[in-house]
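Next come two complexes built around subunit A: one with subunit B, the other with subunit C.
And then the complex of A and B:
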């Protein structure tokens, strides 16, 4: 059958419209991903031994690398520690500043301030909060007679210390999304709930929270991504130490690529990171999608 | 018609003339160098000032000095710039990056650049100890610039308050423990001593092992001695300062905040780079002293800091210009000025013979401690695969200090892995 020229033109026109976005996606997303996978199947090259194809050997040595497992477990606890706490805190803060309060703009700003600051600046501030004896935390504890603690120098406390800082940094950011969502809720719902004699908690649990689910999905995905990609603070605070107690996957990738110049092993680790993020994001979309009421 | 053509030709000729002039004016060489700062303070301003002075003396060379973060960042930025085709002709980078830079085929040996006998003599004009990290395989690859050793800063007021002689700082490990016990206050408001164990733990450890008469690696950079009995003993001593003698906080001690701890009187003694000297001098509100590190079997410290390297991807003209810049920055006069402003060492004996540094040392004798200590100094840990090998040792040190492994076990593990990494290089 003969295709009408106008129809063919429509196709060309459509593809032309898609081209800019497609070029960007391919150049900055798809090509790097494929290049990473390709790189990960080669050995590290140097003057003595040039790089050569070694198949999955990098992956095998990764599975035997104790630091890889260490950073993976650390990352798991980092995610578990930061995500629920920062999301819960964000909802609580949003509910608080959504009410009529004196000085509400200032309160909102105060909650949002940590988000405005760059992570490196935040880490520099907290480095002094956490420093033993002279730090803010130890000085406050000192008033109550507690001895100083080496927060960042003790493998048992270093990861929790970083988790607390990250929650402080992230909750304000998520609060903004919840605040916007709360302001979109029709006020009739609250009036209706009051008429029916529902308690505040019941109203939150049965009305507000379900209506916030689209926001929660968005925030959760962001929180999960952040728990894997936010490592700026490690450069300032701990460099992954002591003895990798606070090392995270992305920081370990950085170390391999730039401190050890082992870009091939770094590529191997990056493939793992990509796989984890893809699985988590897909799982969230499939699991949550059914429970979310988009209006 | 002819007239028109002639006019055009004249114009073209004129344009050609102008462009030739422009080319002549631009014939100056442009240099880009990256440099790191590891100890804070206004070092960037000082480097910028030195480079500006250089350009005043050499108007045909335009030098851009780019601050590039700490030593790691500087190496990453310089190498990334090279790979991306950005021009960088020389850089100050970690003296211990030498093997990595050679392996990456990034730098050129100075022996292949110097031509005159005067220049060859210049290569020999620096302190030999400072050249240890810059020489391998019979060639010189790095010229010392911002070089340091570790020194012991101590709070004389705290010494007096504890009934100790402020002019007699601890000279041996035993004295350090004794003095430390007297200086440590039971309520935790003042510790006896602090040795930083983040950032550059292997560097501090290099001092302790040298004091125990043990080096950490061989000259060829292919063998480490992490599990030697004297190495283990040194780590045990470090750990015991915290866990047994209680003169130092347990766990790791932050490199970045240590100077503040010292300045606020939270520790009476700190081991730190000489690069801190001028800042401590300006900011200490108490009477402080600087001494060589104490001895176990002998005194000892590693040298540290940054060397000048010239990159391989350079034209002959650029190499000449780069050499001029390096010679200027390391000349006795400039090296003396640099040392006075920062606390880093003068890099050649001639620097300490300049009038201004002699006067300065007369008024402030601590400025010469690092130089005097050179006699006992050794090279900083540097091997092939240096990033990984260093990290192995760092992790072992931190594991021992935080009590998650015994010093012996941690070091044996590190040694076994280092051996595996270095096998192909032997």
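And then the complex of A and C:
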């Protein structure tokens, strides 16, 4: 006879089925999370002086590290620069292609295609656009008589340049979630708005936008996470430069671990990143739990 | 003309205006890709001085292939993505089956611990995961690139949902027919979840085809490097390669995934939407 899941043996079977996944998750998510916190309390070791316990000293030197503050502030501006713009564009794109209009399949394709490309490929393409004098942007500006500019070499323009590229890459991805949400709205809403003589802007602001709120929340959470996880483009475009003007937290962690070989300081920085992700997770939990009410 | 009539006309006018705007944005959005595509097929002097009817050439592709082993990188990526997806499907199916149908002790806590991976992806913990991989002697192997991603919280989550919505009567019927634990899974649950498997498969393939940071850290030889890492090294400014050749190399690297996407657009976009249910 075969065991039914309601049988007491279900505990054994359940855990056995879970075992392969559990081993891998513990090995590459839970254990390293704890190990990172542990390692952050040790000093950087070398051949003469082995690594030893130093408590919170790494955190103290982190707070005095100007580059740490620099990358944190950069990450903040990177998030502020990319998230609202790409979400607004995503809503606009979704609204635009949600109606029957000439060439709709092409339009959707055009908006979405950057999403399917690796960030490295995107960076390779945009590297040329931003190159001084011969790059596409300087060429176009040149037609209007503007002089060339080293977009990625100037600390004042490097972060905005990367922000523009990221918006281009991400807006289409967020668009599909809004499209899905819009397609679930009853078509009578628009009819009613037309009959009532509501203006288009009023209809969007008072009807569509509030109904899209759950989607917006989901997209925002993902956008925040991406702004901390996505650093691939820095490897091609700037290496965090010039003078750390475009450096981001995860890239700085990489530099410390694999260029300066200070894994303990890298662990300390990783704890900060983990704390940020935990805050986002909690925000998501509480916001989704409270639900967003439709007015 | 009534007030309502004016407003309705206003809507029609705005809709026409929106069509123009939609096309304008679309052209702006696709232009960078078209330009890269164009440049890849033209001699490098035209990348700097655009001429629509400049002579076509395949020289850039020949140069790219002779300067870096992109075919080998492509093969590595293919092996990585295939091996990873196969392991993910097996591991996630088993775990999802346990969560959906075996109400075992501690399953709720275990499930929350699985979901932690949605927030903390393995590449966030590069330092510790690298040292784990070194202890396992898996640095610079394709298995090493894939291993941390084989148990995917997202896959377990999606499949658990699918299995939970499968009617229990089907399971009872299969049991009466003499199916065991794995028989039921294989004959009832897996076939009914086929659309979810497709969706998850497409998300996994495109994610790992494009993944960069972790493979960069793990690999250091031509035999293991995936396309993204090869392309990253090739395109870095200090390598001093001509932009037209970089365009050709970029096109070569993204072509397989891009062609698959163009052929199966609907499936791709729907799978990406699925990733929104988490």
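The working rule: the second predicted complex is superposed on the first by the 253 of 295 C-alpha atoms of A that agree within 3 Å, B and C clash if a C-alpha of one lies under 4 Å from a C-alpha of the other, contacts with A are read in each partner's own complex, and residues count from 1 in each chain.
Keep this in mind: a residue touches a chain if its C-beta (ideal position, glycine included) is under 8 Å from a C-beta of that chain, and two chains touch if they have at least 3 such contacts.
Since the structure is predicted, the reported quantities are computational estimates derived from the model, not experimental observations.
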Touched subunit A residues, subunit B compared with subunit C: C
First, second, both or neither for A:218, with subunit B first and subunit C second: second
First (subunit B), second (subunit C), both or neither touched by A:250: second
Touching partner for A:25 - first (subunit B), second (subunit C), both, neither: second
Which superposed partner A:258 touches (first subunit B, second subunit C, both, neither): both
Partner chain in contact with A:285 - subunit B first, subunit C second, else both or neither: neither
Which superposed partner A:39 touches (first subunit B, second subunit C, both, neither): second
Touched partner set for A:127, first subunit B, second subunit C, both or neither: both
Footprint overlap on subunit A, where subunit B in one structure and subunit C in the other make contact: 127-128, 131, 134, 236, 258
Footprint of subunit A on subunit B - complex, ascending: 72, 76, 100, 102-105, 188-189, 191, 197-199, 249-254, 256-257, 260-261, 264, 266, 385, 387-388, 391, 394-396, 398-399, 401-402, 404, 424-425
Touch list for subunit A against partner subunit B, complex: 46-49, 127-128, 131-134, 147-148, 150, 152-155, 236, 238-239, 241-245, 255, 258-262
Of subunit A, residues touching subunit C in the complex: 2-5, 10-18, 20-25, 27-33, 35-36, 39, 92-93, 95-97, 99, 101-103, 106-121, 123-129, 131, 134, 136, 139, 168, 172-173, 176-177, 180, 194-195, 197-200, 218, 225, 229, 231-232, 235-236, 250, 253-254, 257-258, 263, 266-267, 270, 273-274, 277-278, 280-281
Of all residues in subunit C, those that touch subunit A in their complex: 3-4, 7-8, 10-11, 14-15, 18-19, 21-23, 25-27, 29-30, 32-33, 35-36, 39, 47-48, 50, 90-92, 94-95, 97-99, 101-105, 107, 110, 113-114, 116-117, 119-132, 147-148, 150-151, 153, 156, 175, 178-181, 206, 209-213, 216-217, 227-228, 231-232, 235-237, 243, 246-247, 249-250, 253-254, 257-258, 261-262, 265, 268-269, 272-273, 276
